[in-house]
Structures are given as structure tokens and as C-alpha cells.
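Structures incoming, each one as C-alpha cells.
Next, two complexes with subunit A in common: one pairs it with subunit B, the other with subunit C.
Entry: the complex of A and B
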């Protein structure tokens, strides 16, 4: 490994300066993806900008919708009682990510910025219609998570930009939701397929007012199963309709075959898991 | 000449000051600079748990932390677990239950078990399995390790 500069800014301005001073600077948060990349020499930083001491980035709160700092750790989400009461599917999403050693370090902003096709929070926040706040020296911009991912490990983030916040609209906190990960056995391995669903129902009925279904590890980026959603929106969630939607979702998936699973198996898993997810939500009430 | 960075860190109650190469992981720093070789290097990519240490009250893989990151941190390694010559109840439980085969995973298992029982004194078997899922034992002696955790729970409750 070539050596690099190490900078630990105490403010966003200092971080911006560092990012703009070096040609090939990388942000360090939890480091659970970055360090692995550096060890394999797939990432060769000229400078590491450790952003963990920038204030206000490791908290989350409700204030006209939810605001999550990008440096909130996966473990913080997993154990939050407040989230368990309002959005337990976020706790679920966190718990399904890696080992305790990883969850204690890994951050939600890092999980999104690393842009793995099987990113847990990529799928869940996509299902929640999350917005991202991105800061650069020229100011800030907001984009939908839907427009954030470009491909495996690729995002629209430009040189000198930092993802600082994930915002979730207020109504996502009023939805039912579920995160399902299927991996080999009970291991910590990456999901063969991840499914994240949020559901708004007419109270006391199975009438689906709005459903969102996001899928991970079945395309170059986490994606929404829009056609499956369209089948279900404004309809009664009958067993037949759920199966039809699950098949649609399966057709929307474009997975690859790799050593973990074949594309066919992943497509088949999508149908099973989408149906299972919706049925679990319906039966829970 | 590689630029080095000052790090002040408390490990097992002792304060250290050092100049470290930014490429050095916390694991390498502990083993090579501080001679604390109880923490083991297994996979060196965050998958096996052999290098587990407690960093600011959280168990982490020291192979995925840079030494420069731990400036001002408080760290506990396997060497800091016992009191004087007396083993910690978690260590004694591992001995009593015969939960050690080759011993390579043991420091990580003990550290992770200690962190777990600090957070939740009375975990269910399912919770124990989930918490220890990132600590691999290639001798596959998991049953006795789970026995040891049960045993440790009791020792700590009664102690």
C-alpha cells in the first residue's frame, strides 16, 4: 500500500478544503468498506479525510420528517428504542447488516455512498423515498436517493462532495414496513437478495393505499419494483394479487449469476420474498 | 521518509503516545508497537472476529480501524481483561467449559462475550448466537463456546 496523507477536520469547511486540495482524496467514516478496498489495492488514496469529528453528523431526530446524519452508525439504528416504536423496519435493516463488529463502525451514509448493489440501507431508504443532502464548497443540493446510484460502487457524487444527511418524509414513519435478507444459512454473508417494503393501508382493511417495494442484489444498483407496486396500489391485497405482483417484481429484477447464486435463483427468490414480505405485514395486524 | 502522525491512546488503562504510519491498522499497532500480541490477525478483512477489541465501549474489528483514527480513544484488549493474576469470569468460563481448542479465536471470543454481557447481562441463546456471529472458530468448537457463555452469564450474575 502506498502511503497517504491523513486529515481529521473538525468542521465541514476544513473537510471541504482537504477534499479540494488533493486530487484523489477519500472520505473515511466507519472504514469497513474503505479499508478493505485499500488492502486489496482497489482504492489508492492520496489523502484520507476522516470526517468523524465533524459535528452534528452522527445524530438523528424528528423535525418535520426524519433527519439522519450520514455518520449515524448501523448499530445506533439497530438499538434505537425511538425507531423501534416508529419505524422498526429500520432496526431490522440495521440488524441484518454484517457482524456486530461491523455494525459498530459502519455508517448509514457510508453504506449508501459505497453503493453496493446489495446495500441494506440502499434498498430500505429507496423504499422510504429518502432524500439526500449533499454539500460541496459551492453550497448544498438535495437529490432523491432514487437518482443517487449509477452502478456498482458508483454514485452521482462528484469530486469535493459529501453526503451529509438522509431525510425521510414524515409519512414514511407512518407506514408499516419490513426488510428481508436472504443469505446462505444463518451467516453474516451479504444477501443473495434483499427486499424492503413499506405499506400504507386503509386502517383496519387490506386496501393498499400506497406500497413501495425496493430490491437489492438483483440489479447494478438497488432498484424499485415499480410495476409490482402499480399492481397493488389502490387495490385490496388478496392472495392472488400478491402473487401477481411478486411475479412482476421478479421480472423487473436483472440479477447476475455469481458464486453466491445464479440469476434464475435470485429471480425466484424475489418472487418468494416479495410475497412473504407483504403477507407478513398483513398478518402482523 | 513516510510521514507519521502522533497518536495518544489509552489501552487497558495505560496511556501511550506514539508516532504512527497512517497505513498501520489498529491491529498492527497493538501487536507490533505495543507488543500486545493477544489480539490475533485472522482474515485481516473484517470477516473473522479474531482481532476484536473494545474501542470506546464498542467491540470492533481492529483490522478495519487505522491506528491514526484512535487518537484520544480508550481501548480494551484481551490483555486488559483479567484483574492481576485472576482471570475474568468470562475467561474462567471458557477454561471451565473446555471452550478452547487451538485457541486462536479465543481472545476475540472472550472480548466479544465481555462486550455483549456488558450491554445485556442476560442474553437468550438466540441473542448470543447473533452477537457472536462475527467470531469464527475454525476448529468449529461452537457448542462448548456457547456453553462457556452460559457459564459466564451465571458467574457474572452470582459474582
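Entry: the complex of A and C
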């Protein structure tokens, strides 16, 4: 690891200044991705801007939809009773990430900004149609998470911009949802495939009013399985239809073959997990 | 029932509190005044000729105190097999794998040392790399070692009985090929060494080695330093599993850099270096042909094996020997044929790794046994019982079996797992599988030696000291050896002062490997304790005026039998001996095993000179998810015949740890290579079993009394993982009907097999 400057601003303005002063500055929130990158020399920052002391970034609340500060830790989400009552699939998404030690440090904003193809929250928030608030010295802008990722570890964030908030629309909180991960080990392991699903049903029936299916680790970024969703939307969720949708999702995936798994296997897992996810939601009620 | 006061008791590890409270000092914790940090420059090419090495720029970097290459060494090659030595500390003409050592630097801090490495200019001419042993064996393949005719480092054929006639007499014949993969030892602690050569050229090394006495000898040889100038001190050690037996270039570099600078030098391997540039379990290809009869009798068995050596020999030649011995000795089979080739490739090289060739052989043989049972529609346990080894027998390959509880281990797992009932009421996707094994229970004299020494003394205060060359790398020998001494001397183990491992203060011991410490060092300690006991009683008899035969030791008192009030405390005996008799009471013990048989063949290990053989049977219960191929371990039973168990608590710990190492080898752990480069040199992508993946493990201790072991004990450490993988794979086959013969059985592989069914 090479030497670098370390700055811990107390305000967003100071953070902005720091980001704009250095050519190659990196934000430090939980550090669970940054420090690994530095240790393996894939990230060589000139300056680290530690944003943990910037106020109002580590809370989440309901106010005309849900607002999550980017510094909310994964563990905060995992143990939140309020979320367990409203969106238990978010607790589930958190719990499937790393070890407790990592979850204590890792932030949801960092999980999105790192833009790993297998980001847990990348898939789940994508399924929830999340919107992002991004701040720079020129002001703020809002974009859909759908438009945020550009490729592995790449986002639309420009130099000097900080992701500060994740907002999910009110109706996401009324959906049923599930997060599934398949990995070699049960603890502290990245998913070979992640699947996040939210489902709105006509109460008391299996009529699907709206379903969202997001997939992780099977494309350069987390992606939505729009064709699979189209098969299911406004239809009764029959076993045959679910299998058809699962196959569609599998075709929408564009995974790579690497030493962790082959593309074919990942595609098979997508079909299996999408079907399993939907069936689990139906059976749960 | 035995009437022991210490042996067989569940006594916690002697250093447990020191370790869990973080007070134990490991090699990496050592900081000496003026200490420098060393780093090694490793090859990034798998196979290349070295044209030039330019270290001038690195030498000029501020903070760099020394840079060394092959020119700074005596160019003496090393290996665990002196006659087959093929490794230089720093290569001079060629590099043969990605990780091969080229140079080393010492600097005032680690960052400067790393920076200096980047300034060393190495001009290489890349050569064709050989990564597949089958390719490397082909005629016309490029040679990895120029001084050899071919890439086959060792080849031998061993025949017992008449294999062809055996097959001709068999009712059935099955042939199958089995492959196994590279496993990393994954000790919690990486290689670490601090060397201080000072100005007087005395070499002191603090190093996490499994074999300090042999390391001293090897440092002496490879650096041409007189042994009396070398001292090796192992601090606390965080596991080895075979990886820390060898001499390693980190040790040599540390000494040379310290000699050159006159300052202490520390080298600690990163985890990546540990994965890519220390030893691993040899990958193997084993073609088996078994002939057997309707009643389950194995009439003839044949193995044709290729062991992938990697770039250098290390333990390869003897690992292949053990592959043969353990294959050939398990079960009573009259006609055996084994042919093996140890083949160089341009990959990280294999070394000793828990089981030493036996897991590879046992995976093949024990999967074959289940195929035979399937063919005969016979219960797999019955088939194994039918062919089981028995006590006081000599196998066809002339291995002397003294004690043997193989049959009992089979019966024990059958009972504990409720095998018969579960087989009758088999649930879908659930399966049971067994596998047995044989392994040495006390090292061997394959290399000519199997020595351990111990001394004991009583000081003026009556304090008892045990002094042993054995090294506790976490397995608990400090606890078991003091238990053996304490039992004999009528005291508690924690009352014994213990001095271990340091080559200046202890008698030579071969080291911790070959499941030999309890047996060999235990025998030495036992002899030393008996020796000291005799002297203590004689002195007491003298003081008390009682005949020796009437005296016994109880709670550090020598008393007259039936008259407990008449006695003398150790403290008085010590005082009288010192001040009045001017004598220190001591005891000494030495063990080197039985004479080597005349027909011993050091190449094939025919008539293998192991002093005792241990046995085990593992039984796995699994559930397979057919949609993902994921194998869930539900239950695991491990019955071991390790002779008389000195400390059941530690033995069970060994069994559980070994099983977990076996789970990983069977299902998830694999070093993945691409053109010689390891793709997953970290614990993120190298998948060890975690606490959440581990099922309930039921250790079962099937005790036999070995006539030659201390209190009847035999070794256990390595045995604990040998038959784990085949038990699991046999269970997978029972669950979903797919027979996987190439390890590991990853989810993807299981899934693909199910799809093709």
C-alpha cells in the first residue's frame, strides 16, 4: 500500500472541496471495498476523504416513500425491526451480504457506488425502482438506479459527485419481496447468482399486478429481467407461467464463465432461483 | 479397565489460555532492535530462461540495506530427498513456476522492500510451459529440468502376487480413472521467519517450522554453515498441516540477508505468497482395475498413477511412495500391481499435506469399493468388513500390522449413524456413504530415521522438567507428552515444566509430521520418565531406608505402599540429591522405531517401515439439491482406531479438524490454475468450509492397544482427513445416483452430472 492523504470533513461542503482539490480522491465510508482494493493495489488513491462524520447521512425514515442515507450500514438494515415489519426482504438482502464484521462497516451507498455486478443492494433496490440523490458543488441531481450502473465497478458518478440518498417509492413498501443468493459457502461469500423479486398481487389471489425481478452477478451490472416480468404481469401465477418466466429471465442473463462458475451453470441457476423465489412468495401467504 | 490417573482424561490444551487471550508470541510478533524487513522477488513467468538480473537500481534505493540473488548463495540445491535435490534458493538459469524465487531484499521497512523489488530488472526468455502432467510425459515435450532426461522425476513399479492370474481368477473386473486436485494447507499463520546472524556469524532463527532439528541440519547444508553455529527456535505456531516441514527460500533469504547486513531480518509471507509459493497437495490421476468375486472378495487390484509434482521435488518422491503403500495395504488382497510416475510441470509444487498421498489413493480405492458393492448389490459396509485388515497380519506388500481396529470402526459408524434403518427408509435426495482408510500411526523409517529424543530432570526444588525436541504446531503434543510423563511420575501434567523444540536446548526430533509425535516422541518421553522415576525411587529408598520394591509415587511423594504416611516429597528428594549427593536426577529416552526390514524398497516403499498402522472409517450423510447441485452435509461420523487415546478431548478436536479439511477438499476447496497462474490465491475465492457449512460431526474413538505405542497409542493427526472425501462422494451417489470420480464435487459439477443422467 502506498502513502496517501487522509481527510475527515465535518460537512458536505468540506467534502466537496476535498474531492475537487485532489486529482485522485476516493471516498471512504465503510471501507470494505476501498481497503481491499488498496491492499491489492488495484486502487491507489492520492487522498482519502472519510465522509463518516457528515451529518444526516446515516439515517433512514419514511416520509412520502422511504429515504435511506447513503451511510446507513448494512447491519442497520439487517436488524431494523421497522423494516422487518414493512420490507423484510431488505433485512434479508442485508443479511446475505458478507460477515457480521463486514456488515457492521459496509454502507448501502458504498455497496451501490462500488457497482459490483453482484452487489446485493444493487439488485434489490433495482427491483424496488429506487431513485438516487447525487450531490456535487454545482448542486444536486436525481437519477433512477436503473441509469446508475455502467459496467463492473463503474457508475455515472462524475468527479466531485457523491451519492447521498436512496429513495424508494411508497408502493415498494407494500410489495412482497424476496432476495436469494447462491454461493459455494454459507457465510461471507459472494453470490454466483443473486435474485431480487418484488411482487404486488391482487389481494387473496395469485393475480400478479406487478412483479419486478432483478438479477446480480449474471451481467456486467445488476439488471432487471424485463421480459420475464412482462410474461407475468397482469397474469395468474400458474406453475407453467412461472417456469416460462424463469426461462425468459435465464435468457436475459448474460453471465461470464470464470473460475467460479460457467455461464451455463449461472443461467441454469437464474431459472431455478427465479422460479423458487416466486413460488416461495406465493406459498408464504 | 485401565487404571490410569492421567492417560485417557479430557485435559484441555496446555497453552489454550495463552492462545485465546492473545498472549502467545508467534514469529510475526517478534521485533528485534535494528530489525530489517525482507521481501522475495518471485517469477511472474511459468517457464523461462533467466538472461540477466540487474539489481543496481534496487541497491541504490534509500532504505535498502541488501539485495541478494543466486550469486550470493553457494548454489547448493535442496529438497526433502537429498539425492533428488533440485531447488536453488534463488534460481540461476531458469524459473520453473509462477512464484519461483529470483532475488530478495532487506530494507528498513516493508514498503521500501516492496518498492525495491519493483526496481530489480529481470530479463527472461519465455519458454513453453507444461501444465498437464500427461502432456509433460509425452515424447518431445520441453524439459523442465535440463539435467534430467525427461520430465518424469521418479517412476516405479511394484508387483505382489500375480496380478494377471488374479484378474483371470476374478468373477468380475471394474476399471475406472480417478483424479484429484490441488489443495492448499490454509494454515491460519503464513510462513514467517526472523533470522539474526549478528557480527559473530552465529545464526539464530525464530521460525514457524514443524521440524526445527531437521531445519537446522538443512540450513547448515544449503548454506555451508557449521551446525554448531545454528540455533532454531520455534515460537508458538499457527498450524502447518505439512506446509512447514520443508526448508523454504524464506528461511535461506532471511539468514543470508541478516549475514550481509549484520542486522536481524524478518520475512513474513503474504497470504497470496502462501497460496502461490508454498507447497500444496499433489494433484493426481489414478487408473484402477479391480478383480473380485461374487462373495465380495477382492482378488486382484492394480493402480496406474500419475502424480503431478509441479516444478520441484520437495516431498513428491515419498508422497508417491505413500500413495502406493496406503493403496496396497488397505484390505487383504493377495495380488497387487502398482505403477507410478511423478511428473514435473510448470506449476507450484506439491509437498507434504495432511495424509501425504493417502487421500488421493483412498479417494480412488474407496470409490471403487462402492462401485464393487453396487455391482454385487452388496452393502458397502459388508463388503469392507469382508476384506478388512486384521491385527498381527502382514499385508501382501509386506507391511506389518500390529494392532488393527478397522472392523470395529466400520461397525461403530454403522451403529452410530443408524445405517441399516436409514438405508431401508431412504429419503429422496438424501444419501449415506462410507469410506475407510489405513495410514501410519507413527511415522516411518522410510528416509532411514524416525527419531525422537527426550530428557527429564528433577531440580533442587523437586521441580520436574520435561525436555523434548517435539514441536507443538497446534495439535496439542505439549499437552499429551506432559500427560505421558505425568502418568509415569505420579503427578499432574501442568506441574511439569516443559521445554520444547529449541535446537540448543532439546534433543533432536524428526519433527511434527507423519502422525508420529504421540507415538515416537511419546515413546521417548515415556522412556525418559521411566528412567527418571527409577532414579527418584532409588534415591527415596536410600533416604528412607526402604527397599525399592516397596515404594511408589503418589502426588509428587514417594511413599511406602500401604503406609502412605511414611514417605518423602519430591522437594526433599531434589534437595538431598543436590546438596548432599551432589547429583542431578535425570532421565533420558530415545526412539527410532524398529529395524528396517531387509526387503524394504525405498523407491516403492515395499515392506514399508512404519512402526504401527492406524485405521479409520468415515460415514457421511448428505442431502443434494438437484436443482442447483448443492451438497448439504447433514451428519458426519468418524470412527478412528488410534490405539489407546492419551487425551480424548484433543483427539476429538483432531478428528473434527481433519474432517473439515476433508469436507473442503471433497466439495469446495481447489487451487485453480490458468497457464500456471493460480487464479484464487485468497480466502475469498479459495473456499474453505466455514462454521456455518459444517454439520454435526460425531467422533468415535475405537481403542486398540498397540504393543509398541506409549500406553498403546498410535498417531491420528493426518488420518483424520484421509477417508472424508470418498465417504461424501459415495453419499452423493447414494442420494442422487451420480458417481463423481474427479474431485472436488462442486455444486456445478454435481448439477452437470445430474443433468446428464
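Everything that follows uses one rule, which is that the second predicted complex is superposed on the first by the 283 of 285 C-alpha atoms of A that agree within 3 Å, B and C clash if a C-alpha of one lies under 4 Å from a C-alpha of the other, contacts with A are read in each partner's own complex, and residues count from 1 in each chain.
Criterion: a residue touches a chain if its C-beta (ideal position, glycine included) is under 8 Å from a C-beta of that chain, and two chains touch if they have at least 3 such contacts.
Here the structure is a predicted model, which means the values were calculated and not measured.
Colleague: Is A:265 in contact with subunit B, with subunit C, with both, or with neither (first, second, both, neither)?
Modeller: Only subunit C is touched by A:265; subunit B is not.
Colleague: Return first, second, both or neither, reflecting whether A:277 touches subunit B, subunit C, both chains, or no partner chain.
Modeller: Neither subunit B nor subunit C is touched by A:277.
Colleague: Which one hits more subunit A residues, subunit B or subunit C?
Modeller: B
Colleague: Looking at A:216, would you say it contacts subunit B, subunit C, both, or neither? Reply first, second, both or neither.
Modeller: In the superposed model, A:216 contacts neither subunit B nor subunit C.
Colleague: Taking the superposition as given, does A:122 touch the first partner, subunit B, the second, subunit C, both, or neither?
Modeller: neither
Colleague: Just to be sure I read the superposition right, which of the two partners does A:177 touch: subunit B = first, subunit C = second, or both, or neither?
Modeller: Neither partner.
Colleague: Between subunit B (first) and subunit C (second), which, if any, makes contact with A:69: first, second, both or neither?
Modeller: Neither partner.
Colleague: Going by the contact rule set out at the top, does A:186 touch subunit B (first), subunit C (second), both, or neither?
Modeller: both
Colleague: Mind working out whether A:9 is in touch with subunit B, subunit C, both or neither, as first, second, both or neither?
Modeller: Touch status of A:9: no partner.
Colleague: Return the residues of subunit A at which the contacts from subunit B and from subunit C coincide.
Modeller: Subunit A residues touching both partners: 1, 3, 186-188.
Colleague: For a test of understanding, state which residues of subunit A touch subunit C in their complex under the given definition.
Modeller: Contact set of subunit A toward subunit C: 1-3, 182, 184-190, 259-262, 265, 268-269, 272, 276.
Colleague: Could you list, by residue number, the parts of subunit B that touch subunit A in their complex?
Modeller: 2-3, 5, 21-23, 25, 44-47, 49, 52, 58-61, 63-66, 68-69, 71, 112, 115-116, 129-131, 133-135
Colleague: Okay, in this complex, where on subunit C does subunit A touch?
Modeller: So the residues of subunit C touching subunit A come out as 111, 627-628, 630, 668, 672, 674, 679-680, 684-685, 687-693, 746-748, 751-752.
Colleague: Along subunit A, where are the residues that touch subunit B in the complex?
Modeller: Subunit A reaches subunit B through residues 1, 3-6, 8, 28, 31-32, 35-36, 39, 48, 50, 52, 75, 95, 98-102, 104-105, 186-188.
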